[in-house]
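Consider the two complexes below, in which subunit A is the common component and subunit B and subunit C are the respective partners.
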Partner chain A sequence: MANVETAEKQTVQKTQRTSGNLGRIAKYTLMKGITLLITVVIGVYLAILIANGGGYVDKMREGQIREQVSLQLAGNPEMAYLSQAEREQIYEQTVQIRIRQVGLDQPFMVRSFRYLWNGLTLNLGKAEYLLSDSGSRQVRNILGERLTPTLLLMASGQMLLFFTSVFFALFLSRRYGSVIDRIVVAMAPTSAAPAWFYGIFLILIFAALLGWLPFGGMIDAPPPQNPWLRAVSVLKHMVLPVGAIVLSSIFLTSYYWRTFFLIYSSEDYVDMAKAKGLSDRAIERRYVLRPTLPTIITSFALTLIGLWTGAIVLETVFGWPGIGRLTQSAINMFDTPVIVGTVVIYAYLLALTVFLLDIIYALVDPRVKLGGGEK
Partner chain B sequence: MSKVLLDVRNLKLYFRTRSGPVQAVDNVSFQLEEGKTLAVVGESGCGKTSLTKAILRLLPRNVETYEGEIIFEGEDIMKYNEDKFRKEIRWSKIAMVPQASMNSLNPVLRIEDQLMEPLLLHDRTMTKKKALDRVKEVFNIVGLPTDFLRRYPFELSGGMRQRATIAMALAANPKLVVLDEPSSALDLLTQANLMNVLKRIKQEYKTTFILITHDIGTASELADEIAVMYAGEMVEYSSAEYFYTDAHHPYSRKLMASVPTLREDKELQFIPGQPPSLINPPSGCRYAARCEKRFEKCSEHPCTVELEHGAKVQCWLYDETGEVKHA
Partner chain C sequence: MKVIANFFKQLKDYPSAIAGLAIIFLMVCLAIYAVFAIPYEQAVKLWRGDDKVWADTPRNARPVWFNWFYKEKQPVTINLNSAKDPSLKSVQDLGGGMSMVDVVFEFDYNYDGFPSEISLFFTSKFNSARPNVDITWITPDGREIPMSNMALSASNTYTISQDNALSRRLRGVAPEKGLFADPNDPSKVVKGTYKMVIEGLVFEEGADYDAKLVVYGKLHGLAGTDHRRRDITIALLWGTPVALSFGLLAAVGSSLITMMLAAAAVWFGGWVDAVIRRINEIVMILPLLPILIMVGLFYSRSIWAILGVVILLGIFGSSILSYRSMFLQVKQSGYIEAARAYGASSGRIIFRYMIPKVIPVLIPGFVTQVPSYVFLEATLAVLNLGDPLLPTWGKLLNDAYSEGALFTGHFYWVLQPAILLVLTGLGFAMLGFALDRIFNPRLRGL
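Up next, the complex of A and B:
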């Protein structure tokens, strides 16, 4: 009898706790969302301020407009029949129209908030100088066109690097002190040189000297008609840049993960698992990988964010039409909308990843509880 | 007399270091009967923990020498290969409660999963339900409420975690449980509590224990036999009954004199000096430098002599007749 009663009581308590949990999760998610949104807003606004040089870029643009207009008018034969005063009036009028057209007549503070709102709503507008390959001035089209190649290259490279190094590191941590382990440790400093540095040598060896692989670009010119052949052609162009990415960091990341696994495999509970008679594989899975999963996931998520930004120099070295090169030319040409566009997309992706990470953390690590410890 | 469960002969465990091998366990021999509890005492760094590691073959990477015989239930388990040892000895026959056992639970697995794991692993016929029942049973034995099984280790206090670890060691019904300072990180009340739990288990289930401790007082509650280790060697082995009143080795005597007792009024003593380094220890008696009774012969390595009541001592002061010479 007493047992039944306590059991009932427990179920009641449990249901109460579950509904309380749901409320807490909702509150936590909302709070997290708001915090991240504020971060994104601040980040994008700062990017707008910086990309406009605090309004200085606008002065330069005004100067450019004046120059264009005066050239335009000077080339117009009708202007020759007008008096000096009339000419100046027309000139001034045209300039004002153009300035109003691009919105330069409003004070910078007002405009910066309009940029902010447009940016946040992904209403990215038109680029000032850059064109997409298909000739569009829409920032969205320009970015969209460049995103795919960057993702293709960076995702292949970074994923390959990440998974190879984690599994290689597990292998190394099992063979601590062996010859191969020592070689990897000794080779770790080679990662001080960036990927494009290795890229140059790879091009020299495999493209210039041996002629096995193309020098750069993304596809043969002209592109093959058959979709299969086209894929093969892209793959062929990817080998060297991906190779450069992997080669430049494999030793350092393997070294890092190997040390990381070594530290965690000297935990007391790993010894205990061994004493319990678990096989080495079970120990590795449940007692080394499982408790370190949050750290591995964080690292992986940060790698994912890094993919979107591309690699400016590497893309330049390999002539790869990615977002890294786009960002660089946008910065060189003061193309504010494009710069802000990349920053907005990047900020949103970062916030989203952090948001997902927090939730995944709570799932994989019981020590991380949603929303404070009040009970 | 009941039968001998564990017979350790000339066990050696040396570690490799830059400055030479560390002789953590050197020529240790002893016998332990079924159902008895052996307390291994000695100061820090004398090789107590290394002895447990050697028995359970939980060796670090830098082992230089690992030899001798460990005869368990009549078979030399040192001859087992790694796989056989893991499957047939670990946990199902010999279990352990490690030092700092509060950290020996995986932080991200539920306690019940960790306790059931070895059961399911070692017994193919075991079902999840049977394993859970057994786990609940051992939780009751160590005095923990069974609804704690669903929790994660961080939700338990240190003392509870320690008990959960002991429950884990008992779960598979091992013949021998090695407890490595199970209570050293706990407050006195929790310690006393834990000792009572262990005592009850010993009486009810006739489990054989090896209790490693530096606390001779705690050891007295549980031990049938006492082994004193000094600088990697086992210098005295005697039954607890006689050890507390009549220890033989000068080191054991000093050790006893340093323990406060309730009933008699005595001045506590200390042992001057420090134990020798285990890298290149003195070739003679390792305790000689600190011994009050040393004489010329102490520069040679003493043999182990057997005295009355089955006591064994490694000291030149005694010979087979048990007479105390030069005292």
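Up next, the complex of A and C:
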């Protein structure tokens, strides 16, 4: 009878603990999410301060107002009876009224918070020169159109990089001291070069000299009708940029992680597990990979931050129609609204990456699960 | 002294460190040579130079050493100038103020490839009657090809390779090919001594003219030329001091200030620590490159302004956290306690006791940071945000890329700056990795 009771108690405790775990993870994630959101807000605010240092945001808004007013007045038939001077006077007056309406005459500190809100919601008005492929001039539409290719390229590159690095690092730690291990250690410094730099060499070898893969772009022109063929075409165009992303970081990450694995595999509990006769795979999974994962994820987050930054040039080099190449064309055309928009988008993307990694971190780190992390 | 000797002894066990040091040393020598051989103003002037500065160099020529690897030899530029070499000119007085001024250019052409362009430049002085010249081309096999007859103004350029009338007389072949080709096999060059005879008539006392013949080659200098005829060597040379100083200053600047801030954060704790950590969190999600792009576009493109922003953002980067955790350990040590007991000020404790303790860890960190800053400069240049004045490696890559060097096969244009970038990056990275293993005992055996 007593036995049954204790067993029941145990199950009750167990369920309580699991729900407690989930609760803790949720709480941790929520906290992280809120902190990140606040950081994004401050980051975007800083970006707007920088952009407005030269008065560019103000100019942008005023330009929009002037355009609207002149369109309005041009459409007004009564204006046709007035003289040129009168027309100009009415135009100026209307512009001044609108400027007061929008609040451009208010002190900068007051305005900057409204800009912040517009920036955060990507409500940046119209681009000065650039058009989206569908013909829209709204910054939000232009950015939205370019977001998918960027996400496609970066997500596949980053995922591939993470998994190949983990497996490669495990493989190396198993063959510690072998020729391939020493080659990787010697190659680790090559990761000093960013992904676009490897991209140039990959284009030179595989596109210019061998002609196996396209120079750049995202899809064959004209795009194939069959959706399968289209997917194959996109894949073909992705090989080189993704290859450049992986190549630029794989030696360094596998070198660092292999070193982590080696340090952790000399722990006593690993020897203990070996003594118990567990298989190598089981030891690696449960005793080496598990405790190192939080550290690995943190270091991967840093790699990713570098990769996002490099993506602008990577997309430019490969002509990939994403946010990065948009940034490049906006720079060349001096399209201020689009440039401010890309800064905001990149801040969001970085924050999102950090946030996702934080969630994964919470899932794999026992300290978060058991609430020990707070101490 | 002994510490340093000991350090070098340890360094000797790492061949990569020696190689890295050697590369860095070579780069520093190159940088010093560049600064002295081509002074700053001259480098800027040459690189901004319009067509006048680079009139005598071929467009998109490959480096001279290409000839070592190919059986078919390509020409280098032949430049003959009667103003510099008066023996090319003969004057014969015809009386009545008229005289015959003949210029004869004679040169050996023993290459297998055709030149890329041919131009003839005239400068003349006269009052009202313009001198008249008649130009004839004589090939080694004795064919005489009449080229042109023209009246000169103060300065004339006769772009022979664009002379369509001459091209028609040469059976539709471009003049730079047709003038050198074997009539029986137009793909072959007739080797030997070529002659250009310019028979001129001047109609006034004291009137004269000079001619300069430039047969543009397909190879030029150690590094070739770009689309604006500029010698790439200048940008390669001057890129070295720029890259080194940008990388070193950014790395040293940001890591020194970071270290001080981390030490202060740990020592004072409380709100100082909290503020610094919050700033770090914000900077981590600030997209560095877009921010630099905004600064470059809205404020200043000068490399030094960019450097300032890079340092400012680098200070609060990820490394501040690792320094912080190091200082947290240092703060616990007994000698800090002792310093506090004798009443040392906060400044003294931070600068005399805490910072010296972590400097060995700082050195590998900052050496490995150098390459990322060197590449950052190149990255900005590729985005068209390079320094407006200075020639740099990144600007070369940008030019090459925007001119489609990879599509048109001008690989040398991309590869030379790329190799220098890689070498610099590798040199610092290799040294940094070895230093990391020396100073970081946990890594030593691995």
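Assorted remarks:
Keep this in mind: the second predicted complex is superposed on the first by the 208 of 375 C-alpha atoms of A that agree within 3 Å, B and C clash if a C-alpha of one lies under 4 Å from a C-alpha of the other, contacts with A are read in each partner's own complex, and residues count from 1 in each chain.
Please note the rule applied: a contact is a pair of C-beta atoms (placed from the backbone, for glycine too) under 8 Å apart; a residue touches a chain by one contact, two chains touch by 3 or more.
Keep in mind it's a predicted model, so treat the numbers as computed, not measured.
Touch criterion met: A:L350 reaches subunit C, while subunit B stays clear of it. Of the two partner chains placed by the overlay, only subunit B lies in contact with A:P291; subunit C stays clear of it. After overlaying the two complexes on the shared chain, residue contacts for A:L326 are found with neither subunit B nor subunit C. The partner that reaches more residues of subunit A, of the two candidates subunit B and subunit C, is C. In the superposed model, A:K276 lies in contact with subunit B only, and not with subunit C. Of the two partner chains, neither subunit B nor subunit C is touched by A:L202. Contacts of subunit A with subunit B, set against its contacts with subunit C after fitting on chain A, overlap at residues 176. Touching subunit A in their complex are the following residues of subunit B: 56, 58, 61, 86-87, 89-92, 95-96, 98, 100-101, 103-110, 117-118, 121-122, 152, 154, 165, 168.
Subunit A meets subunit C in the complex at residues 35-36, 39-40, 42-43, 46-47, 50-51, 53-54, 56, 176, 186, 188-194, 196-197, 200-201, 203-204, 207-208, 215, 259, 262-263, 302, 305-306, 308-310, 312-313, 316-317, 327-328, 331-332, 334, 339-340, 342-343, 346-347, 349-351, 354.
Within the complex formed with subunit A, the residues of subunit C that make contact are 16, 20, 281-282, 284-291, 293-295, 297-299, 318, 368, 371-372, 375, 378-379, 382-385, 397, 401, 406-407, 409, 411, 414-415, 418, 421-422, 425-426, 428-430, 432-433, 442-443, 446. If you check the complex, the residues on subunit A that touch subunit B are 176-177, 267-269, 271-279, 282, 286-287, 290-291, 293, 364-367.
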